[in-house]
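Quick one: structure below, then a few questions.
Lettered A, B and C in written order, each chain numbered from 1.
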Amino acid sequence: MNKRAALTVLAVMISAPAVAKTWVLTSAELAVDQGNWKISSDELKIQDSAFSIEQKVLHGGKQEGSKIIVIHSQSGLTITLSPTRGMNLLRVEGFGSRMGWDSPVKEVVNPAFINLESRNGVGWLEGFNEMMVRCGYEWTGHPVTADGQIYTLHGKAGNTPVSRLEVDVADAAPHEIRIRGLIKESTFKKADLQTLTELRYVPGSNSFSLHDVLTNHADYPHDYQIIYHSNFSTPILEEGARFLAPMSGISPFNDYAKAGLKTWQTYAGPTKGFDEMVFNISPLSDANHQTLAAVINKAGDKGAAIQFDTRQLPVLTLWKNTDTLKQGYVTGIEPGTSYAYPVTIEREQKRVKQLQPGASTAFDLTYTLLHSRDQVTGVRNRIEKIQGETKVDEITTPMAKE
Amino acid sequence: MNKRAALTVLAVMISAPAVAKTWVLTSAELAVDQGNWKISSDELKIQDSAFSIEQKVLHGGKQEGSKIIVIHSQSGLTITLSPTRGMNLLRVEGFGSRMGWDSPVKEVVNPAFINLESRNGVGWLEGFNEMMVRCGYEWTGHPVTADGQIYTLHGKAGNTPVSRLEVDVADAAPHEIRIRGLIKESTFKKADLQTLTELRYVPGSNSFSLHDVLTNHADYPHDYQIIYHSNFSTPILEEGARFLAPMSGISPFNDYAKAGLKTWQTYAGPTKGFDEMVFNISPLSDANHQTLAAVINKAGDKGAAIQFDTRQLPVLTLWKNTDTLKQGYVTGIEPGTSYAYPVTIEREQKRVKQLQPGASTAFDLTYTLLHSRDQVTGVRNRIEKIQGETKVDEITTPMAKE
Amino acid sequence: MNKRAALTVLAVMISAPAVAKTWVLTSAELAVDQGNWKISSDELKIQDSAFSIEQKVLHGGKQEGSKIIVIHSQSGLTITLSPTRGMNLLRVEGFGSRMGWDSPVKEVVNPAFINLESRNGVGWLEGFNEMMVRCGYEWTGHPVTADGQIYTLHGKAGNTPVSRLEVDVADAAPHEIRIRGLIKESTFKKADLQTLTELRYVPGSNSFSLHDVLTNHADYPHDYQIIYHSNFSTPILEEGARFLAPMSGISPFNDYAKAGLKTWQTYAGPTKGFDEMVFNISPLSDANHQTLAAVINKAGDKGAAIQFDTRQLPVLTLWKNTDTLKQGYVTGIEPGTSYAYPVTIEREQKRVKQLQPGASTAFDLTYTLLHSRDQVTGVRNRIEKIQGETKVDEITTPMAKE
């Protein structure tokens, strides 16, 4: 008898009380392991919305055994994420546009083939091609050797296979879809940080939300850091594309970025030799602590916006990597608890947060794919309103030297 | 046609001459690979004993692809071990008690997801949750950088997938079960140490034995070290639990453990801020070179004992990790050739042993789950008898500084 | 329904226009993943030649999940290579002889279980047992820490799973077989070197060719290095076996090899304590830039020869590892762009080559298993002809200190 087939039967369908159907695709605890799998609105007898949710197991090269989930909404977005790679979002497509970029890394690299400590702590670059990577939570930022160990680039969550994976479809219209994945950073004596990530999407919509809850399961307080490394390229990013966010101040990450400070609001086209410029931003928010950051195209009819809560994610990094297309022409809009400096600097400058034993903290972000002049104008107006009369302080000196 | 199903058929059942049936579950050499698999006393037409032996392939998180073997004896012990993790024993349950503990690491981590060199050589902690881990054989102990390389915490055997795995069931009552696994530490120019581990269990019994044979397959002498890192917690470990072992002397591993030297015989309950204290013990043995070490509960009606041969394993480490339950409230009783100091110190102090080309050496240990006052008293009496009139030398100074 | 079975159906058979049939066994891009698979000349209705091509998935130990391809020609060679290990050639057998050797590493180690940076950059040794490993292309040679990172022994290509794997069989006699594998060394910001390797074999023949094309897919020039680390042992290598190659000069790699300079032309039998001696050779070539290097047995009726182009591979390393059989009695004949010094030395001495953006470069080598006195004499004559009147300069001083 076939073992994998037998396991497949174990895939559990739980009917949550009167509100949603839930499928458990992976559970280390319950020994559930779903391989290739698909449901559709048709199968669920849903008539007012057309969508499918599919899990695929990938093969070949360094993506051997990696899994992806594809949420396909006929009139909305197609969202692709990877449970094997920390629930990272690979790409989001729809409305003639997309969120995401083209990295020279084409495969969905299985973390089994990555040594994060390699190349002096930047092994993470061997798998980096996502529209959004969670950089955290045990640490984040550029690599540094401290406390007798190497803190590797952007931490481990984004290279951690999911311990539990669940799919919800709400019974009632508009049939909201939720994908939950549990990412464990549990090491004896070191950490027991667990993040229950959740992606929420209403079929047909041009936006989706993340609701991630980080819990410190240990009996001691533990530091944490997180950067939501969100990356956009063509067709939004182009020469003359603009970056929009309400802010009290902006400063160059390092000396190289100084030269780009005056033009932080606009983007260059693909530019050989540009490499990358990074800027540290202090975001402003509205009365409800909500803020927005966006990249919009030159014509002002395409864009991508991220809404987040500055109590949860108080700082914002702008990454302009407008090098050539093949090198990965891309901009990162990165809400976080920290800037991208090494953890040692983030500690000195008091941006590293701490969770008490048993305590949880949530991170809520809403991503919107803007596909009309009106939508772009709407976001621009909201940002201008939050900015109000506050003048942007363009600080010429980097706040730290790596 | 299904490939895994086809392979399954290859699982080989060899009838050993008149004494036992043997199943080969894994063989790199013979291309045998059994996935989920089970036999039971019923299927074997055995009527005087009720047991089953099962192999399961695990999924989810970092245990993707890990295998476990569960020996279940209806009136005796349930022993769970992992071929993927060097035949380590995960837990042993029965008689209303257990051997093992609760690590914050819950998954049976596939070594493909562990970088032993990470965190400055303590990547081993990302998978540590076993009742018994073989720490060796190429090296063991705390990490150290020497000879231009890092000797990682507790070596590699415990994170090495088994190259050959066999299950025996004796034809004659009491139908002894043997599980053999071959662990290879073979690296061109560096080592060819191979350990044929064997677990022996008679269904219904409250004890089992290990018989491990380490062979140096190289043409040059090779150093080896081994610590049988055996770990116990509730319901045996508790405030007022006691550690018993015949010894000529005991000393603190480091300055921090000095404070615990006077109370080495008893355990604290779960204690926030305790972290760990380690003690080095020189065991005494009987005329047959056998000795015993045990942890017993406060009431003296539950315990776990390890019998071993001091010619094979001349030293004993006591690890008191009586921190909170969530941190992993646990004590280690660790017979070995070495203490837990880095290999550099163990070399200086002449505890590193050597195997000549082609030579083998065996390690025999018997673990007993004590579940009555009589059994505990029996062990206590044997230990007292070996101790005899010899006074325990409580040495206040650690024998080395790391 | 079984997922692997479903995937199997995806294996694509493409009929190339009128010249060959092509099977795609692996494609990360097309989501093709073939497990165990076989075709034979019988199934293809080929009558003038008897051969089979088989892919097997291996299991057990550290070879869990590794794939091998076996080309078996009834009257010719049996060639075994591993797509999981960078299309490395494991062994080539036939005509009562073989190319290859016996490493203490017996398994076809899945790179998921190897940390190339371990043991101070020589983790590569934990998987080394091949007849031919591609050492490159991002870097090669002995490990060194430079530019703030470790350049691990012999690079990463040989431990990279293939991203695309295709098998061709020519329609017309003599039905040449081609196995193509794409090896990607693609890391954001670091490299996008891709090598399309191709092995070409005519069934019945005693020789095969490699045609590898390395392309720099990045928009910036990139350094590359390659050593075709080709390894031979019994029954060719023995006491009195000879090394043959036309050369202008030879020098010891290091001080230890100085003692062996005068006897570079002959081999010792298995010799305890020999370890290894390495020599740097400047090959001479014919008017077409072709050269040959060979090892032949004492009797002069068995041998292995490699033909290569000195414009592509200008230098040659001779590795004499005539230690005991169990240690891996073996000689390496290693055409390359570089000697085996660390990349830092190779840079200083101007042997590191560079590829412009989008540029490709090819490497062509022909391996022949010599199995008669005539064949050996033929190779010897060709080598003597290329050598001509040129005297071999035996340089006593190593060209660099590591």
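Criterion: a residue touches a chain if its C-beta (ideal position, glycine included) is under 8 Å from a C-beta of that chain, and two chains touch if they have at least 3 such contacts.
Remember, it's a predicted structure, so these values are computed and weren't measured experimentally.
Considering every other chain in turn, the ones in contact with both chain A and chain C prove to be B.
Counting the residue numbers used at the interface between chain B and chain C, under half appear in both copies, so the two copies meet with largely different residues. Spacing of chain B relative to chain C, judged by their CA centroids, is 41 angstrom.
Looking at chain C, residues 2, 4-5, 112, 115, 117 sit in touch with two or more other chains.
Interface of chain C with chain A (complex): residues 1-7, 26-29, 31-33, 65, 111-112, 115-117, 148-150, 160-164, 184, 186-190, 192, 217-220, 357. In the complex of the two chains, the chain A residues touching chain C come out as 2, 4-5, 8, 35-36, 56-64, 103-107, 110, 112-113, 115, 117-120, 125-126, 128-129, 272, 323-328.
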